[in-house]
């Protein structure tokens, strides 16, 4: 029902919630929402809600990057957030979301990983970014990426004494040097929309997720959806994403 | 059928097997029933049978208790023991039973864990108590707790030479200083029964598991079953459990 | 259909593909088929295809064999190879195949494991033999064993510098001292056949897998199938296997 | 319970966070938030934050698990990986398996399961921040979420913790009190019926101490019940406007 | 097999535990014990203790796994965590997966599966104490349990081990002989039909040694068969009293 | 992407393996091989070897997963344990889970799913040797396997990679270029429709670089398409003989 209505409106250049095609829903960002985390952010995108929590743990570096900390992004599609999500290990959609957010952060080099080395070859910080879905009303990916980078910006590095992490005491901010932002462009026939509602997501032909860095460089792409995208439409989609990314980036503090 | 019969009898103050409400079935305890274990016990409670086996392994202490050994209780509802048990990872009932037995042992401080430290901060004994269900005719929990504490009482600490455990040679008894005992009180309407048969378990409104230490202190409680317990009945249930615990404790050697 | 036809032919002393009872299908063996592996072999047995890949990794020795490398055989019944195979963890048939091949290699002492010790008690080579099913047209076990021993014969030991494996550089051949070969004898009523097609496998009463070493010693046996084997038939089956093993061994280079 | 420690949990008759012995932490309750659910609630006991969402009654699948004459309740208690000091690996573990069960049984007595045969009510609890008493905070959130979802219920279930620290009996344990105290009681009840639906204790208590503690918990639950009724009432009044 | 060792397994023609080369350990058999099962048995080969329970024939669920014209047999071989020197983690592993399969196939030939279409016979084997030859001890227990359960069978399956240690062929390996010997044979048969239903060997044997070993195993099985018939007979006589 | 390294990937305008910037590695394609499948293909991009098999359309089980008005496609991307430098543990991981999904969606647009309601087409891809660009090599193999299986399709899907190394834009990354380069593009398209069905990029590129790279990938796909049509044609002609 709602899907059919959304489709007909889009054909006429309109949307259920009266937004423009390139308009995001109202965004609210709260930080420090979980005081056990090294940093956290709660992003509200219209009715969609995601919490990102950052935890640091010491571990071994990868053999090929002995002087660098590591980054792990994980996403939980908690059954709380949608009647369609189920308990159990992450399904392919949760895995994909986590990996796309991960690539956006990783490829933008937003974290100065060398500053997260404790003892070269032996001990580095592992930064866990956990994305927890709270309410799924569409566009979880952009909301998650926004929550992730905001939580990182608000994270601190714990103190270490005699190999033990002193919880609650911090020595510095997490070294965040870029602010990548994710903008997903949805395509339905010849129309392109941003920040789709869940009813709109269900009728999209395809989506293209674009992660854009402060310098307008594109750091990650992911084409989603069951239909193809016309080659000639790609550039337009990049443009929409780059333009909107500037706006979203201003919200990250 | 049997359930209905059990229910009607209980209404009249009677039980299928002619026991009194506060009477346990006949208990038989055999120790040293598995010679590969550091200690073991086979408890027969009427037709219900449980084997507890204790194995010791060296491991690292928890960071917050660097001078103490550790205790792990695990329960297997083997499909052998009941047509209702299935192969596969432990279900919630097996997990709950193991955790309730664990709390009874742990909170009573029945093991002097400091004596199980080998090298502070580095190496301690981990005591595994494995509960193996053999035949389920009701009240697995009390039988399991009895098997666990008896097996611990009969366990020995293996010899270590050059970091290697010498299997079959022992240096001391396991330092057991208390004998917690578990008594589950079943409630059906306004009646309270001990040691329910499986047919009785199926018709109970609720159960309260009470773990009692030698000094009559209560070390663990767990309310089970789908119905609530009247607040004013709790004290009576504690009294029944404490009284019966003295009797059961005498059987542990 | 095909099964019924295969059965009737066998009754008359014939086979679908016109082979004799003790005749294998045409065997083709290619080596070095995966250049990331330390050694590999692709065995084609008629239409049946199996790839074996050998990878070496450093690890700790088992406590009871501190001066010996270790051997691990794993088999993947990839869903690619047969409409009857499914995605997911290995089922009992894959596990059995891997373990039978493992025993044939292990018990024949075909690898001089002492030569795979790097530092006694601390570091040894672990030899992984991964068996990957490509097309299942019967007799995967004999094809797998042949692929495994051929891959081992063609494997090399990587160079180690400062605890790091230098991929692509090798210091020696893997020390293979025997060439065990597996021959499975199928029984259908009073007939015995070798190298069964899949249609024949489906109608066999039972199978006996025999692993034979260069000196004609038998290193592993595994009886398979739902029916028993007459005690008095066993010796005949051993003889068939030993005889055929000499022929197959010539193909291993 | 029972970790040895030199930490003083009570100083000059007051607890480390400044509370009186029988004083609960500040409690906040909010209904709504998860609008995809049929009902949801956020409950905060000090720094412990639990959010719960209720779905259903909805058809239970697969069908062979349906019961012809009654519905079932399913619960999941889950801690966010970032809700604790050392990151918790995602997924269920033995603790969450047990808690999901006892929470289900704590809620069960108030639900008219015979009103929704073949169906299920699913209640999911996420702990976003953990500072002790997470399961009871979660039960309160779950109970409100179910009420907000319109699940047929006789009453609310209210829950709280109590315990013994530094030799004294206290209400509403926080994380440090839970870790270093001598006894910990988890408690839920249906106030209108005087029925206890969750009762877990670990520690070492005389029967007399235990009974006193239970009475403290009962008092706390009464206060919580009032707050819950208030927040529900506000919700309904707002809905009627 | 084949672990290098200086251990002498045979001294002055006798085995380390005092047995003659072709002597089995003391065998005990008991029927019953698990009264929730349709049939059960405990079998001890020296210090190896196996208990088995048989359930069924009972309806196979889920239904799409049923076979219209025959029943199926399911088996599970499992070692208790405390049955071995180093605690075994609970749950199945590759070894138990394989053994569960070969045990099922060892029992299958005696069962009239066509007598219980759409149904299953489930046989569970628990090793409570392991000192070698666990799978064959388990098969004997399973066979007795199935007979006691009244599963339609043509005969019993009997099983034993044999092997080569210190260059000699011996019957019924214990744990040390299994670990440090040169060859290990697992064997099961239907005595009345001279049919072999389990045959596993690892080691390195000439064909002649193997044939000799098989004959030893066959002899052992005959003795075991007599014991099994005796214990079953006693059971039935007792039941008729 | 973006591992720091002193490795020079381009020397004197040529890539380390001697290729020109826009040159693909030698490509081999072969149809058949897995005769148990309805269709299969082996595709080699240099030292990257992928084999794919397609099964179906065949009935989808369990039935409750069937869709009444259309079929579904299932894909599995899997690397052989010996296909990479450090042995890969068997089984799926997060990477293969994601790749299986994007490959399925890359193939989906050409398939007439409405032609096989309630059924599934299963496509399995095994990477036997991995030297970069495994997913796109796998897509080509999958597309050929589906065509060979007679799955109803509008066209082939063709796929290739491109990227940026040492500051230059290049076609068809090998393993080292993938690990130490600056950007990596995975690309699939339906040439006849100019439709992009796979698009993944990691790295850091200006929009202009990206557009150039996409045009390079498009050119590569055209060449691959010709090869694929040729090998299919040969196959059919051979079949008609």
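Per-chain residue numbering starts at 1, and chain names A, B, C, D, E and F are given in the order in which the chains are listed.
The definition used in the following text is that contacts are C-beta pairs under 8 Å (C-beta built on N, C-alpha and C of every residue); 3 or more make two chains touch, one makes a residue touch a chain.
Bear in mind the structure is a predicted one, so any value in this text is a computation, not a measurement.
Listed by label, the chains touching chain A and chain E alike form an empty list. Across the assembly, the mean Cα position most removed from that of chain F is the one of B.
Using the average of C-alpha coordinates as each chain's centre, D ends up farthest from chain C.
Inter-chain centre distance (chain A to chain C, centres taken as mean C-alpha positions): 48 Å.
As a whole-number value, the distance joining the C-alpha centres of chain D and chain E reads 51 Å.
Between the CA-based centres of chain C and chain F the separation comes to 31 Å, rounded to the whole angstrom.
If touching chains are joined by edges, the resulting network of the protein chains shown is one closed cycle, each chain touching exactly two neighbours. A single ring links the chains, and its order as traced from chain B towards chain E is B, E, C, F, A, D.
Residue ranges on chain B touching chain E, taken from their complex, read 33-37, 40, 47, 49, 51, 53-55, 57, 74, 76, 78-83, 87, 89-90, 128, 130, 132, 134-137, 167.
For chain A in complex with chain F, the residues that touch the partner chain are 64-65, 92-93, 95-96, 98-99, 103, 106-109, 208, 213, 216-232, 234-235, 238-239, 242. Here chain E touches chain C in the complex through residues 1-4, 94-95, 97-98, 100-102, 105, 108-109, 185, 189-190, 193-207, 210-211, 214, 218, going by the rule given at the top. Chain E contributes residues 33-37, 40, 47, 49, 51-53, 55, 58, 76, 78, 80-87, 90-92, 122, 124-126, 128-131 to its touches with chain B in the complex.
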